[in-house]
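In the two complexes below, chain A is the common chain; its partner is chain B in one and chain C in the other.
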Partner chain A sequence: MDFPIFHADFFGNRLLIAIIGILHILINHPFAVGMMPLITVLEWWAYRRNRADWDELLRKILGVCFIVTTTVGALTGVGIWFSTAVVNPYAIGSLLRVFYWAWFTEWVIFCSEVVLILFYFLTWKRMGGERKPAHIRIGIALSIMSWLTMVIVTGILGFMMNPGGWAQEQSLLSGFLNPLYHPQLLLRTTLALGAAGSLALALALPFTEKGSKLRSEATRIFCGWTLFWVVPMIIWSAVYYRAIPVEMLVNLPVAFGTQAWAGYYGLLLKVAAGITALLIGLCLWGLWQPKRTNAAVWILPIICFAILMGQFERTRQFIRKPYVIGFYMFSNGIRVSDVPYILKTGVLANSLWTRHTTVTPENKVEAGRDVFMIACSRCHTLNGMNSVSSNLARLYPGQAWWNAGAIDTYIKNIHGARPHMPPFAGTAAERSALAAYLATLYDRRDLTSTADLPTNNRK
Partner chain B sequence: MEPVVPKDLLLPLPAPSWLLTVLLLLSFALHILFVNLMLGGSLLALIAEIRGLKNRDWDKISHEIAKTITVNKSIAVVLGVAPLLTISVLYTVWFYTATTLTGHTWLAVVPLVILAFLLSYAHKYSWEKLAHSKGLHITLAAAASAVFLIIPLIFLTEINLMLYPEQWRAIASFWDALFLSNVLPRYFHFIAATVALAGLFCAWYFGRAKYFAGLQLETLTRAEVVRSFYAVALAATSAQLFFGPLLFLTLPAHVISASVILILVVILLLAGIAIRWLWLEVAGTGGEPRLARIGGILTVVVVLMIWARHDIRETAIAPHRALVAAKTADYTAKMMQAHNYLVMPGGLGGTVLSPGAQAFSRRCASCHAMDSRLIGPPLKEAAALYRGNPEGIVTWALQPGRRRPDYPPMPPQQVPRDELLQIANYIVDTVTKQ
Partner chain C sequence: MDIDRPTDPTDTRWLPSRWKALLIGAAIQLILAAWGGWYLFTPQPQPAKPRQLVNEVLIPEDMVYPDTDQGIKIGKKLPSIDLKEVAAASPAQLKAGADIFAQNCVSCHGLNGKGDGPAGITLNPGPRDLTALNTWKNGTRTSDIFRTISLGSPGTRMSAFDFLSPGERLALAHFVESLAPGHARDTAESLQSLDRQFNLSQGVTEPSTIPVSTAMDKLVAEAAAAARAAPNPDAVDPAGAQLFREVADSMRVSSLDYWLSHDSSWMKDPARLRILAVGGSPTNGFLPRVGMLDEKSWGALHRYLLVRYQKKPEQKGQQ
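Then we have the complex of A and B:
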């Protein structure tokens, strides 16, 4: 209401955040948090056994991880700040005020992590022979720092789902040690370590020759490493599941798929279990018969992990709905405690960047569009992904027109019908204007461009 | 134009604002130092590689600079996180308004930086492979530099836009914000500073005797190389004698305070001294090496510039900040009043609904009315079917079938059985009474 409205109608603002966030996790977990301990342990192992071929293989794998993490990895991390700030400044601004010192601490760790990975990779060749133990110690320090960044950010992610005691105390620590903290941290840790094994296996391919001893050793070792972490990963995912607030579990069927797929929740759950089983099977194969393996064993495991991680993040991002900060702020940036006042005075009267401040018979549809932009557009597009027009078409199949009155009644109780939706905060006139506007979407596409957004016309 | 007055977020700052200010300025100084080395290094590497077409020594020097860029760029990015977070906390209203107003361009920073970094890696790691396709290799360096040059322009535009709330309504796109009076002078001033610092850095880097001997250049001596980089620093610092005043003169009058003028005078004096010392180094007059002195004085200049910049920001925002604070206080009072009104007994007024009616409005009323079609069919039809058998409604709601192809299928209701039974009774009763 206080900030201008950034709206990407084709893509959806939600998807923008999701893509950057998920890409960041897909890089951070296997390429950094999981990979650094794996490489350090094996560097030590290769040093003890005097295996120069392994040392070189590890350096090459690290080189790929170095390039990926310091470009796409680092920038998608920063990109989360950029995208959340333009899509929902209320939410990210509030989180920052609560967790400033947590993020500041993370930044200090983060700086040391970057310096360490620069040292670790760029001095690999120079610090051979007698200086190898010192080099391995850099790897250990790097592994600890990578994991510590996860230790901190997990506290914040859990908080967004369940702030725990924060709502009363509003202190950093009570928010940080929320009920979801330990389960999520252990799940992410085991997931990252397991995925690193599968990633290393795939990355080793171009650096090892087919049928070579090095290749079959790599297959056995990396498959064994992955298997070792998959078992605790399954256990911690069950513990984590049990810690999710009951109110949010209701969302799971929709979160896991999409609304259209909600009915297939059971099926998707089976698919996830199937992927995990496939992963275990492939790793067992690699462990027992490393010489008789093929592309399936080398490449498929990391793809399985990517699907599992992507699905986990997607679900986590969705499941906290209708809140963006659990029980404190709704997905559209309106705070729970703002609702009574906005119900009384109206969402338009409290907005700075809309065309209209009140609903009149003349401006009804236009004002309804303004209401849409404030109350709905953080998650819904008009015609793009997750569009309101397609949702409405599903609600009124085959009807000649859409009844604005029926839409109005639906919105009035929308939080009852759809537990992932926030209640409509606004006056009855605004709700009716929104319904009138939505009804017009029946036979036209409302195309938005930045220039067209309601911004500048108000005095 | 009237300024837009938003209200602040209703959460306290995580620390006193003086502490946040100190952290912002310090972390920003560190960040911008490495940005300078990254961007300036990228430009100098490009020029050195082009000179290397004639003299292979410069090609070697360019390669050495390229190796520092990929290290400095990683440090620059990670150091940038702290000032980004701190400015978001300390100037929430102003910074977030500026970035959302120009959201698409602001977001473009992320892919642009990734692209610039990947190009830098490609450039550094393809030195031997592309030794015989120099044209292509130099194109990589030029492309990286070009992308690097765009990024500070975007940042400066945002940082400038946040200072002028009275202009916000007039901003429809990034371009409007870019052409506000003093973005471009600020940009050229920054680029000149970048080249000066990178030149000085290279003068130190290639001035180290042992390292330089290890390079095994064919014709160039250490003194020649170092003097070339001093010349770069001298030229760029002298250019500031033009860009500095230009920047000052394009500032709107209301953002200039007496203290900022004082800071700028000191900066001018110090810059004069630095230019003289640089000149002595370029002229090769000998004597005590002046690198530490020049580095020291330029560090002080950079710190003072950051201070001046902060002074201008505070002067620009101060009156608007008071408006924001007043609006926030006013809103908070009204919001609390509405909130307390709701939770006081009898606050909602009106009649008290039966549990069945309440549950109905919570669970069903979105899609069903008694007499008309909403999302689902009118319930008087259902009530007729289940008269005397409300349990039938419960069974249906838990696991609905599909009877009407012209309606969407009803989703299974995850509602406790006893609550559903209350609802079913309410439906049948209401319709019977009609």
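Then we have the complex of A and C:
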């Protein structure tokens, strides 16, 4: 309420964050956190066994990872913090207050990681023979640095679902070691290591000859590596599931399959289990019969992993609702503890970036639009993705029903009817202004303009 | 681990390299599985449910102070209802009932009362189909409908619509009745029992209401007063307090506060406390030296913790 309002009405602010965030995870986990230890271990193994062909294969795989992580990976990583800070500055501000030094440390580690991967890849050929052990040590340092970035960010991610002891203690450590910390760290670590095996399996295809000994060896080793980490990954996903607060598990069907697919939750679960089973089956097949298969099959495991990782991220992001920081701040940036105060004093009166600070009969609809922008627009658009007009159209299938009175009554108890919605925070006058504005949307379904966003009224 | 290539290819050190790899792999699997199993099979703390937020709170009239409280609404006497109105619906009532239905019921029960409202999709059990009388569980007479509207249906999301006046509830009941044919008729006795329960023919006084913010301020003030009046456990039992300070990890007192006030199974049984404190999570807030306590000290610690945590709920309001 103290910040200007960024609003992408076409695809919504949530999707913007989701695209950047999921893309980052799809790169970070397999290409960096999981791949660096895999390459380092195999480099050492190839060196001990004196296998120049393996050394060359690993260098080529690392080359792909080097380019992808330092371009798209780095850009999306920074992009997450920029997009979330623009969309929900209150949430990021709260996290910054708690994790101030963690953020600082994260940057130092990230810089070390980038420098090390530059060294590791660019000196691969130069540091052969006598200097190979030193090169492997760079790989070890790089693996540790990649993992440490995860060690830190996981603390912040878990905090957003359940701050745990921080609610009482309010210290960096109590927030960092939240109830989800270890489950999520172990799940992500095993997931990243397993996914790296599958990615290497796919990347080895263009760099090995068809039917060669190197390819069948690579298939066997990478399938085995994947399988080795999939087993603890399944255990730790069960641990993670148990660590989710029970209040949030009611969101699971909608979180897993979106509102439109919530009814097919059981089916979607079976699909996810099927994908995991396919992954395990393919890896077993690769261990047993690495040669007798069409090579294109070995692209499937990393696709399975990409689906599982994307689905996990979507579910994790949605299941926190109605909170953006569990039990502390609602999705629209209003702190839980501030709700009674805002109910009493009003949301407009406490906002800087709004055209109207009070509701009068003359400005009712206009003020309602300001309330919408402050209280609803973090998640809802007017006519784009997850739009209020489509939600209202499903709720009130005709103009006779789509009226301010009915909408007002619904908003009053919206947190009771929908467990993932926060309670409306504002005075009764603001609520009826919002309802009056939403009622006008029936005739203005083409409205997508963001040009008339509220401006700073205190200037 | 030795990174360098062995100068002598026949040098296998203490184990062949393949066995070494297998051993390390098995150790990693075992540690990950055991640690995960420990998480899965020990109770994990859950966050306290935040207070349910409602927009208005009903409170008894004698607790309302009009001169100091903001936003209060003093209740007034509502007109009495003729029992004949309950027995038969008037067109005016049906029209009023339709409006009330549209504002309060349609989102879950649907436009035609078929239980297919969009807000009801995610509910379990789902909203009642108001036209399928054979599925109703609280009776289909006007008096039964009135009762369900007034009191809600426990165990479901159907809440009590007691903020509607008795006249509005009656109009709504008649409208619901008009959605499908085949309703049972009220008898003289059932009407009289409804009258006795809701004081329809004498008229009721609408309760006074205050905004939730005022109610919360009152609750906070009351809780703070109660916390001030409650005994300080450290003053009641200084020896127990000293013992507690010795075995509790001062960095993790909030973790202790958390699970000791949420898992009450230890309150009745010192042995259970011992199991939880020694055998529970290594980060549960007790120092490892808690395992060295003798039987007598366990009893003393249990007595002290009872005093400390049984007054916890009252303290909550201070925050």
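Simple rule for what comes next: the second predicted complex is superposed on the first by the 444 of 459 C-alpha atoms of A that agree within 3 Å, B and C clash if a C-alpha of one lies under 4 Å from a C-alpha of the other, contacts with A are read in each partner's own complex, and residues count from 1 in each chain.
Operating definition for what follows: contacts are C-beta pairs under 8 Å (C-beta built on N, C-alpha and C of every residue); 3 or more make two chains touch, one makes a residue touch a chain.
Model, not experiment: these values are computed from the prediction.
Q: Put the two structures on top of each other at chain A: do chain B and chain C fit, or clash?
A: clash
Q: Which holds for A:W103: it touches chain B only (first), chain C only (second), both, or neither?
A: A:W103 sits against chain B, while chain C stays out of touch.
Q: Classify the contacts of A:G310 with the two partner chains as first (chain B alone), second (chain C alone), both, or neither.
A: neither
Q: Looking at the overlay, does A:V114 come into contact with chain B only (first), chain C only (second), both, or neither?
A: First partner only, chain B.
Q: Which partner does A:R48 contact after superposing on A: first (chain B), second (chain C), both, neither?
A: second
Q: Using the touch definition from the top, say if A:I5 reaches chain B (first), chain C (second), both or neither.
A: The answer is first: A:I5 touches chain B but not chain C.
Q: So, A:A74: does it touch chain B (first), chain C (second), both, or neither?
A: Only chain B is touched by A:A74; chain C is not.
Q: Which partner does A:G384 reach: the first (chain B), the second (chain C), both, or neither?
A: Once the two structures are laid over each other on A, A:G384 reaches no partner at all.
Q: Kindly point out the stretch of chain C, out of 9-17, 81-89 or 135-143, that overlaps with chain B after superposition on chain A.
A: With chain A aligned, chain C clashes with chain B through residues 135-143.
Q: So chain A touches chain B in one structure and chain C in the other; where do those two contact lists coincide?
A: Overlap of chain B and chain C footprints on chain A: residues 262-263, 340-341, 343-344, 394-398, 406, 409-410, 412-413, 416-418.
Q: Touching chain A in the complex: which residues of chain C?
A: Checking each residue of chain C against chain A gives 3-6, 17, 25, 28-29, 32-33, 35-37, 39-40, 44-50, 53, 55, 70-71, 102-104, 106-108, 111, 117-119, 121-122, 157, 159, 211-214, 216-217, 251-252, 254-255, 257-258, 283.
Q: Give every residue of chain B touching chain A within the complex, in rising order.
A: 2, 4-7, 9-15, 23, 70-71, 74-75, 77-82, 84-85, 88-89, 92-93, 96-97, 99-101, 103-104, 106-107, 109-111, 113-114, 117-118, 121, 168-173, 334-335, 337-339, 341-342, 361-367, 369, 372-375, 406-408, 411, 414
Q: In the complex formed with chain B, which residues of chain A make contact?
A: Within the complex, chain A contacts chain B at residues 2-6, 8, 16, 20, 67, 70-72, 74-76, 78-79, 81-83, 85-86, 89-90, 92-94, 96-98, 100-101, 103-104, 107, 110-111, 113-115, 118, 122, 170, 172, 250, 262-263, 335, 337-338, 340-341, 343-345, 352-353, 394-399, 403, 406, 409-414, 416-418, 450-451, 455-456, 458-459.
Q: Quick one: which bits of chain A touch chain C in the complex? Just the residue numbers, please.
A: The touching residues are 44, 47-48, 50, 132-133, 136-137, 162, 164-165, 167-169, 173-174, 177, 179, 182-183, 186, 190, 228, 231-232, 235-236, 238-239, 242-243, 245-247, 253-254, 262-263, 326-327, 336, 339-341, 343-344, 394-398, 400-401, 405-406, 409-410, 412-413, 415-419, 423, 428.
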